[in-house]
Structures are given as C-alpha cells and as structure tokens.
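Here chain A shows up in two complexes: once beside chain B, once beside chain C.
Here is the complex of A and B:
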C-alpha cells in the first residue's frame, strides 16, 4: 500500500512541476495542435502547381492541344520559350520544374500515323517532385496518344482496341486524401518525440538541480523514482493525443475513426511506455538538458527512418528491414493506421502489440538498470 | 606601510539591478594603490556584481565607477582599463581549459595578452616556482586538486602583470593549506610589483588577511575599515568578525535570535548511532577514502572538516547507502550498512549541499512530498508538518515557492524536509554554505536542539571554522584520511602541546619580516593583513630573539602577543605534518 502511495505522491509531484513550467507547456501545446495542422495542410504527396515551360517547334493545333492538357492545379504553365539555351537556363535557375520540347512536324507526323517523340526535361533534384512530374506527364502523353490513335481510326470503337483498363479501388482512404496520412503520421512523430523527451527531461532535471541525491537516500526504489516520470509524462502525452485527435485531426481534416478508440489509446499508452524507457536510458547518459535534447534527436532519426513511415519495409535493404524490429514506431505505425483508418482490432494486431510490449519492457528494464548502476 | 595613497578604484553611489531586482545599491568604495581590499558577505550580498563592474565586464545602472582615474561608463572606457586589470571569476578553475595542461593554459592566457616570448618564459618560471606548480606543468588542468586549480587560475590572471587584480571568491572550497599559499602569493606579488588587489570571500574568518575591507549584506555596505577598527566597533579585541557582522545586522534592525544554550535532556548513552570501521573507497586507481573510522553517539554533533575533494562527501555517501564501500564496514542507526541499506534509509535524514529542494514547488508542497516519500501516516501528517514549521521557523512562508525564498529560509526548509520522518541520525553535507552569519546561527540553534532534546546524532560537514567550534567532536580529513580526531578544545590543546603557542606579530614591514622569519626556521609563519602569525615552543623567550632578528633586517617590532589558536591553525599544522611524513 505504501508502495503505491509513494508512486502516487511522486507522480503528483511531477505533474505539479510540469504545470509550473510555462515554456514546456507551450511547447507541448504547439506540437499537439499547430505543428500537426501545418504538417497536414502544408505537405502534399501529389503534384501541385508544378511550373512548366514549353518549347513548341511545331505551333500546330495538336501541339497546342497537348500543351493545354498540362492543367492547373497540377501544372502551371509559365509560357513559351524561344530556344533550348533559354530552357536550360531556366531549369538551372530553378525557375521551372520541367520543359516540354515538341518537335517540328509534330502534327503532320501524327496524322500520318508515325511515332513522334516529345522530349521532357525534368529537374529531379527533388526526386519526389521529379518522379511525380514524370509520372503525371507520362499519363497525359499516353492518354493524348490513345485519343489521337482513336481519331485516326475513327471508325473503330474503343472496345475493339486492345487495351488494358486500369480500374482500381482505393481502400481505407478513398479520395487518397493525403492530409489523412500526413496528420496521423505527424501525430505519431510528435508522440514519439515527446515520450522520449519529457520523461528524460524530468529525470535529468533532478540531476541538474541535485535533487536526485535527496531521492536516492530516501526509501524510494529506483523504479519508484523513475516510474512516476513515465506515468505523469505518459498521461500528458495521452491527453495531448486526445486533444490532437478530437479537436484537430478529426474536425479539421475529416479523418474517420474506423476502429475502437479505447484500443487506440491502449496501444498508444503501450508505445509511450516503451519509448519513455528509451528516454530514461538517455537521461542516465546525460548530465544536462542540452545533452538530452541532442541524444533524443540522435535516437529519433533512426526510429523514424526505420519505422516504415517514409519507406515501405519491402523497399529497404535486407539488413535494414531486420533492424526495423528495434524501432518501436514500426509496430505503432501499423497499429495506429490499422485502428484509425482500417478499423483493425486486436485479432489483426496482436503480433504488433506483443512485439511492442516485449521491446518496451526491454527498453524500460534497461533504463532502470542503468539508473540503478549509476546511483547504487 | 608600503603603500602610497593614490586611489585605484573609486565607487560612488554604485547601483546594479537585474530586471526589477536591485542587487547592489548606493555603494561607496575606495581602494588605494598597493592594498589588499576585501569584500566580505554571504551569497547574494552583491560582491560579484560589484567586482564585475569594476573589471569592466558588467554595465551598472547608477552611480559612478572610476578605475585608474578613468570613468567606466562605456564599452570604450572599459576597453581602456582591461589591459591593466586581471580578473578571476568565481568558481574553481572555471576560467581555465580542463583539457589543456598547466603550461598550455598559462601560454594561452599570455598570448591572449600579447606577452613577449622571452618575458613569458621568465614570468612563467617564477610564478610556477612560487605556486609550487612547476612539477605539474604537463598535467592537464582537470587532474589538478581544487587548491592547485585555484593557484593556476591566479597564475593565468597574473601572467600579463596587471596593476590591479580582481579575485571573486578565490578561496571557496579550497583546503586551508592551499588557501594559505594563496594569500602568501598575493602578498609576494604585492611586495614585488605593488599590485593592488580587490578580493571577495564568504568567510568572515579570512578578514584578517585584508588591509581594509567592506562588509556587504543584501547589496549595501554594513561597515568599512581595517579589521581591528571593525572589531573595536563591536567592542573588543578578541571578538571575531562574525560577532561584528551580527551586531551590525542588529543595528540595521534585522532580528537576531540569541544563541540558545540548550541543556541536554537526553542521556548520550554509549551505543553508537553511527560507526565507521576502516571505510575505504577506490575510484579506479584513485583512493578517495582511506581506512576511515569513527563513532558518533546519540545526541552528538560530529563535524567532518576538509577541503573539497578530501573525501567527506564520499564518506557520507557510503554511510547513507548511496555508494558501496570498497572495503570496511559500518553501522548506522542500528542497522548494518552492508546488508540493511533499505532499513538505514528509512531511519536517517539527509540534506545535501544547498539546493536539493524542488524550487518550483511551494514550502508546503515540498514538505508534503517528503512526508509522502517517507511514508508518514496520513493521520499524523498534518500535525507533524505543523510542528516542523514551528521548530524550523518557516511559519508565514508556507505558500511561497522554494525558489523564491532567501537562502537562509531555504536551508531551513531543506532541514525540515530531512526531519519529516523523525530520523535518529542526520547527515548534513555543507548545509550552510553561502548563508549569512545570522542565518547560520538560527540553523545551528535548530541543530543543537535536535541533538540535545531529541537525541538525534548529527554528522555535518562545513567550511566555516566558527561552525566547527560548535561540534562535540571533529575529524579533520585530508587526501582521504582522517588526520586528527577530537573535540575542538582538545585539538587546539594538542596543537599547543605539539607545536607551541601561536603568536601574533605586529611590525612596520611585515613582508620583509615574513621572509626573515621563514628563513630563520620559524614554523607556521603566515601573513594576516599587516600582521604575522607564527608558532613558538618557548613564547616567553621568543620576543627577544625575534626582535634582534628583525632589527638586523631593519624591521621594527611593534607588538608580539599570544593568541588562542584557531581550528584553521590546527588544520594547517596537521596537514603539513602529514605531508612531511609521507
């Protein structure tokens, strides 16, 4: 009974201390609201307003038709250029993202049923944008040529042409609305960062101010000193997640919550516990808050990169894919998207839950062990 | 006197504010050429602000600062005086580079000040010899002891031969022997170059090292003058300056609590509350504590004295169960420290240096937190906290944040937190450092009451000799060992038995006299402002011999009288004895 009472006393203390730290409170509030809003509405995975210039050596009806298929909101026409040098210069200067070069006799050759090449120069220094521009342009060009072919053989019906029709069904996010993906992804990043940072900061603050000694000579066990930091900061992170989900992500971006909300919070709590264990380990390595921040950044990068959020596991080299089991976020991502967007339940997710629980106990145990070694 | 009367520093109505908080107000000060001028006061008295302003590294908000006759009121003016000043900021070795060796540190500061190479070699050799750092010139600064770091800091400050040196608390946390070296070097520099020194300290017992001094308290000057003048003010030759300080505060209307002589209401009994047997602790190859043994009985106050790094904190950490000993054993509050660590923790109170409180929690919240941690039953909690607030005099501050409290009150709060579960043994690690004399007296009154009335055994470490005097038993620690161990009176009596009487010598040219007496083989010769201390086995015959000796060097003896030795004298004697033996 006293064991629990001590835990409770210490947890209340942590919360009180946090409530008197206005800067930290502002930071937490910012990350759970404004940061997620900016990430969701500011970053897009589809093409928007890609600037485009044209070198039209044909000036025919067909060339104009092709050019005008590069439409807003995907493309933005910056005008026509006179020669290739100018095109090159504008690409070099980053004034346009792509240049279309239409050869002479474009229309004539099309009408004669010949193959015509249209050149597209793309600035791929941002590889994602470059790929998107190429993909969109290829689609536009192939549709254009299909229609031209149809015109040429006007008598034939579409069905009589040999063609594969791609009719896809989009599941879980039918409009492929990437604010859904981005807002949840950012929420997971914020949860990761704060559950690393907050307990570690609370622990290292005791070191910085010398209060840790006072606790170590008291009858508190290391677990009684560390667990309250995880409990209190975990509560804060869960509360922040709730605010973010119900006051920001759902109302502002219309993300539907398909699965069980209690299950989502349960796995979030599990995730916070696992990550906080790692945070406590960081706190045992650091002497100052500054060191905590540097180490959190150091640890967070691989956690994010190996989580599968940015690159699907299948696309990673073998050894990196194996390393993913060490990133707690890789489990949590699967569960979070699964519950929120797909409505998955425990039946589907039990292996991830188990994996995260194992990894979490390991990390937390390691943090306590380091602490015990450091302070007797 | 070997000084002329030109004024080096003149302050008029000096004022410094941090935001709305006034740190120093209306201070007038005059430091003459060739003088060692002291600023004495507790933490927060405004010493550092004042010194930084004089050094030209901190802007002030009111009044006038003149250094070498130049009014320091702009960046440009500050730049003009900086070349002629040496400034050593507060903190052991904080101005040095830990990874660089002794010599590299000196070279760096010399180059910074554009000292010519030949000149540098000459000065370096001399300063290294004087500080006895020469054998360590290749050692990285981080591996030096506290006293050596401080001496190196002084060398680096002096390498460009400034006309004025400003030293901010150079002796805090340094052992008495290094402290004495430090004063000797300053005296030497003064003799050779006529360097003027402005130096601050929190220890009132160092006042005799200064020619003149100002007592500072909460940003104002309480008194200025020569040490003897200040003593006379409080009425007596033998009054220590701490008494002066307290009576000055009383004049200012700061309430004073009379030192209560608390009659013992418990019988000391014979059972040991703390017993250390041959405690030893190694860190790698370094032996921090070497076979330390002692006993503290119920109701006794046991003082552990020693410099930073002497091993005091390591001893406490072993006894409180934070650190396992390498060998040796001990008992605390009736439990064995080897395998009953948890039981010990519930029976002891511990208060570590100065700030180990939650500054963002209020007084009451701190108390409740520790009551919760120590599992004080809920029903008794309220009454117990009420009682603690009364005994430690915290009433009226319950809702204030600990961080907003003045140092003295904060210390009493820390004590109250350590007492919340009625411990039978109390460990206090430098509980009063930086607190003003009044605050320290109040604190000690509580300790005396705890020991005498409730039979609590107290182990305390301190740098204040006046506090050491109040302990029932003292152990002097040096380099991990206890080198002397008895009651304060007994320690002093043993010194007189082993080394002779302490004599205070007054003459017209003290610096020459110092050299002469040392050369003649007198022991314990040390400079205190304009006076000298020395030890003599046959004091009755000393006067004649010394007078003749000094006259041969053209020094006139003005007075020679016996003085009761201080614990610092004891300490220095024992350390030197120890070092000579090893």
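Here is the complex of A and C:
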C-alpha cells in the first residue's frame, strides 16, 4: 500500500466509527441547523420592549406628550406610579427597567423659558440593558427638547444656524440586520467547538481503549494515524458548514455572500486544520476522555468568548488582546466576515491566512511531535 | 434507601475523582480560570473603536471637531488618509471600524452660520458595536453643535450663555443608575459568570463520571449488585454536588475580591440558592449521561444544553427583553435565567428571600423534575 492509500483507509475507518454513534450524529446535525437558526432568529442586541413606569407629578399636556414618546418597539409603558416607594419596589423586583420622574410645574416652567430636568432611574444591574435604555431614552428626550425649543422660539430655524449634520452610513449590513451577524457568529462557534472536540475525542478514545497499541505496531507512521482523524472530522465539519450556509443562513436570513465561496471554504478548511491541531495536542496531554473534555473546555471558552465573535474585542485589556494572537478564531473571524459580508479577497486577507497557516502548522507539528515521543 | 450503601458509593466515586489527578485539578481549576479569564475579557463595553479620518478642509474648526473623536476613550485614532478609496480599503480589511469624512469648506460654512453634512462610515458587521458607535457620534455631534449654536447666538444676538442654553435645550434628561452606579459591566459580568460556571461545570463532571462507567462497562457491577436505583444515583452524584458547593464559595470570594463587585445581600440567601442551582445542573448532567453511550457525545450534548443556553439565553450577554417570544420561551426552559436573577439580585440589588423567592422556587421545582426524570430513565436492566 502506498502512503496515500493508507491515509485514505484510515480516514474511512474514522468516518465509519463516527457513523456508529447515532446520538453524536444527531447532536452534530442539530448544531449546524436548529442551533444556528434559534440563535440567529431569537437573539437581538437592540432594545425591545424595555418596561418603563412613570411618575408624573405634573399631569399636563407636555408631560403626557413626553411620556407618549416612549413607544414600542423600544419601550413598553407599564403604567403610572403614585410615589417613589412604589417605583423603588418595582425596580427592585425587576418588574420595570426604568422609571421616569417628571417634576411638578413641568409645563409652566417650559412656557416661562426655564430649563427643566426630567429624572430617570435605570436598573443597571445588567450593564448592557442599562446602557441601551439610557441611549434610547436620551435620544428621545433630546428630540423632544429640540422640538420644544423650536415651538417656543419659532424663529430658531435649524437651516439658518451652524450645525454639523451627521450623514451616517452603515456599510456591509446597511439595514443593521442582527441575524446576519448572529448566524455567522454562531456558525463560527459551532465550527470551532466541533473541530476542537471531535478529532481530540477520536484520538484519545484509541488511547483509552488501548487500540492505539495496534495502530502503533502497524506500518502506519504517526502522521498517518493522526492526520486521518483531522481529515475525517474536517470533512464532517465542512459538510455541515455547507449545509448550514446554503440551506439555513442564506435562504432563511438572506445573508448576501459577497465574496468567493471557494475561498471561504478554503479558509474554513485551513481553520479546521489549525483548530484540530490544537485538539490533537490536547489529546496527547491526556489519558482519558474526561481529561480531554475538561482541557478542551478550558481552551475553548476563552477562544470563543474573547476572539470577537460575541463581544467587541477592542475593549479588552491590552494583554488579553495580545494573547489573542494565539487564538485561531481571531484570524478566522476577520476572514469569514470579510469574505461573506465585505467581499474581501486574498489580496486583503493574505496576512490573516498566513498567520493562521503558521499557527496551524505549529500546533499540528507540536501534536505529532508529542505523539511520537509518547509512542515512538 | 439504605444510607450506608449511598455513602459507600459516594466514597467510591470520590476516590475515583481524586485518583485522576488532572481531572481533580480541572474540577476545581476550570471554574476559577473561567471566571478570571472571562471576567477580565468579556465586556460589552464598546470602547477604543479603531477609526480613521479624511479631512478635506484642514481648517482650525475641522481639527477642533476631529479632536473630539481623537481624545475620546470610545475611539482609537488610527491616522489620516488622503482619499476615500483608502478608507474603503481600511474598512474592508477590518483595520478600522469607523471613518469620518469632513467635506471641503467645513469651517467656512459653519462660520457663515450654515449647516454642514459630515459623513460617518460605520462597519456594520457587528450590529451592536455599530449601533452603540452611532450613539457616540450623535452625542459628540450634539455637544459640538450646542457649542456652535451658543457661540453663534452670543455673536449675533448677544445672548448670555445661560440664556442661550435654555433656549437651545429646554428639557434635560438626568439619568441615575441604580445598583451599579458607574454602570460597570465588570460588576454585572463577573457576578453573572458565577451562573455560567455553575451551569456548565457540574453537568460535565457528572456526565463524564457516569458515562465513563457505561463506556468502561464497570456499570455492570452496579447492575449486578444489591444497590437500588435511587441509592446509586444519589451516591454517584453526591461527590459532584460537593465539589460544586466548594466552587460556589470560591467563586463568590473571587468575584468580590478580584473584581471588586459589591455583595449587598446576605450569604444565607446566596448559599442555599446556589446549592439548589448546583443540584439542578448536576441533575442535567445525569440526564445527559443516561441518554448517551460515549463520552464524546456526552460532552457535546452537555455543551448544547448548558453552555449555549447559559451564554445566549440567560440574559447574561443578550437581554431577555430583546428576544422574540420563541427565544424567550426557550430561555425559560433552562434554569440559568432564574439563577441569574437570584445572583444579580443578591449581589447588586441586595435582595433576599422576600424579593427573590420566586426564582428560587422555580429552581427547586426544576431540580425535582430533573431528578425524578433521571430516576425514571435509569434502569438496572438495560435494553441492550
């Protein structure tokens, strides 16, 4: 048998072994379809129906006008409160997120040309919600304020005054469709999880069951033992990616694929290779699957949560941002979004591709080297 | 139920855990490391957005305007470019996320008292960042405009600053943040991470522990013994509950000590509530282990039903309020959402049993159902 034939036989063996674990197959299928669908369609990062209560000490036309600016889909009025104690109780219980407090003589002061301040108490125990509520409420209040100003001083017309007008343009996702970002982020998460876990599990299972001894005494080289695990699981992951991209993400959410599809799959393959290399390295460190799973979780969580798939990476502390050079996902994120949404090509992405290839070879080489030392 | 036999099984399981040194280290190490790394790293604050500018005016006023962005901690200035094509290349290479284009005669028009349109380009890939950055731009513009207007009014009509201010902005919104005055995402995040850690680590320990017996075949010893189903499950899971109970204390201490989060409530609420939650999630691990036959499948299934709900469907990263009804329903199927209410309530709001008995009651009910299902699904005479 030639070198390639052996590789092929071993790859087929791995695929067969995988096909005999039905629950694992169901879980993999779930990841690439339903999981991505739920995450993308159900999750939004903008403010929707934030519950709000009002303490209106004025009961005037103006105060009602301001209150009624807090409308769905952003806010939902939960009614009027009678006193501050009740407000505090509802905030404590989490029944409302914010309480607006309109002072007495609100309208009278406005008409007399005095500046009035309206108070808002925001539940900031969840900082994301607190920020969002404040951002939206401030915008609503300042629009109200501007209109009042024009109403009260009719001669102040904006066109004749100096002002910077913001011509805001959002690129790559002009309608700010959350599902585009969420579906791709979830796909990247799934790819990462599976390509880390599956090859590592396949490798350590041989160790745990002792079948590795049979492989070591066969004419197979370490690379021929380890590479098929990456190849077979890589094939599964790539097939799953294709399914979820063409049957789920594009038709269900209307994500436009701006760049080259072959290039996307090429970099995905490269990413799977790099991540699987990391998984194999972990497998050489452990003796049982329990240990593998623990170690995989340990490296997976920072990779998933700190590379920028779910949170803006710029706000992280400097040393963590530096450390992310070691995370294969941070390269892949730029490439995946670049190709799918921005239409970027090799000319722009070559540095990320090179970085990922280097990191992947390093991790894979390290894995083979450790394996050789253990069984050579 | 023979407590003696339960103790024997628990002791045997404990010995097995302790003998696997890497596993033991991980059982205590993963929660701590997860909390530290994610507590420092995961932040939804949008800061230091890398941006570039194209200044076609180069007047004093345009520089003044740009410096409001350059000096802001929300933006990270990456340099000036000479034409729009360069901005486009930087944006699509993800080197910058935001760009400002200042048109020619910017300063001149403003001095003449006329409005000027300034273009801001935002990379919309990450929608949350794009939205928040839009808010920042609006705030900076509003501030700049107010100053322009005040100067203008003072020059043209001789209005005093204070008089002008009232004219320009008659209504002000004063925001007071409760429970987390400086709106530190680190406080919310670190205490919230207690939930994430306790959601996924007990099920992993449990599922791997039980499936290991199945995969190795040592479970046949149990099948053949006089131990009853309930005794086996209780004894088997006790050590994992104990490990997690220790972690509950360690995590509490770290969140206060390392992240400086306030603990406004009482331990007499936090500890029992956390224990109920740990019993819940340990039960989830038991269910997983009864469904699968291999450890790899156990690990992946555990991720599906613990890690992902804890991250996305608990309210930790994504507000529950912003979900659509189906996702909100899914969120309520997992215990994470109830425990997160309890943790944030006891840490940041200082609530106790009176304010938070509902989520805890939900957790107790949840635990009872899960353990009952586990007991029903476990058979000493397996079908295959």
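Please note the rule applied: the second predicted complex is superposed on the first by the 366 of 376 C-alpha atoms of A that agree within 3 Å, B and C clash if a C-alpha of one lies under 4 Å from a C-alpha of the other, contacts with A are read in each partner's own complex, and residues count from 1 in each chain.
What we mean here is this: a residue touches a chain if its C-beta (ideal position, glycine included) is under 8 Å from a C-beta of that chain, and two chains touch if they have at least 3 such contacts.
Bear in mind that the values here come from a model prediction, so they are computed numbers and not experimental data.
Of the two partner chains, neither chain B nor chain C is touched by A:77. Of the two partner chains placed by superposition, only chain B is touched by A:210; chain C is not. Chain A is touched at more residues by one of its partners, and among chain B and chain C that partner is C.
Using the contact criterion defined above for the overlaid structures, shared-chain residue A:218 touches chain B, although it does not reach chain C. Of the two partner chains placed around the shared chain by superposition, chain B and chain C are both touched by A:21. With both structures placed on the common chain, the touch criterion links A:263 to neither chain B nor chain C. In the superposition on chain A, A:6 contacts chain B only, with no contact to chain C. Touched by chain B in one complex and by chain C in the other are residues 21 of chain A. Listed in rising order, the residues of chain B touching chain A in the complex are 320-324, 342, 345-346, 348, 350-361, 365, 368-370, 372-375, 401, 417, 427. Those residues of chain A that touch chain C in the complex are listed here as 21, 23-24, 27-28, 30-31, 35, 38-39, 41-51, 66, 91-94, 97, 110, 113-132, 134-135, 137-139, 141-142, 144-146, 148-149, 152-153, 156, 158-174, 176-178, 180-181, 193-194, 197-198, 201-202, 205, 286-291, 293-298, 301-302, 305-306, 308, 310-312, 314-317, 320, 334, 337-338, 341-344, 348-349. Remark: chain A residues 2, 5-6, 8-10, 13, 16-17, 20-21, 209-211, 213-220, 375-376 touch chain B in the complex. The part of chain C that touches chain A in the complex is made up of residues 20, 22-23, 26-27, 29-30, 33-34, 37-38, 40-50, 65, 76, 89, 91-94, 97, 109-132, 134-135, 137-139, 141-142, 144-145, 148-149, 152, 165-181, 183-185, 187-189, 200, 204, 208-209, 212, 215, 291-297, 299-301, 303-304, 308, 311-313, 315, 317-319, 321-324, 326-328, 330, 341, 344-345, 348-349, 351, 355.
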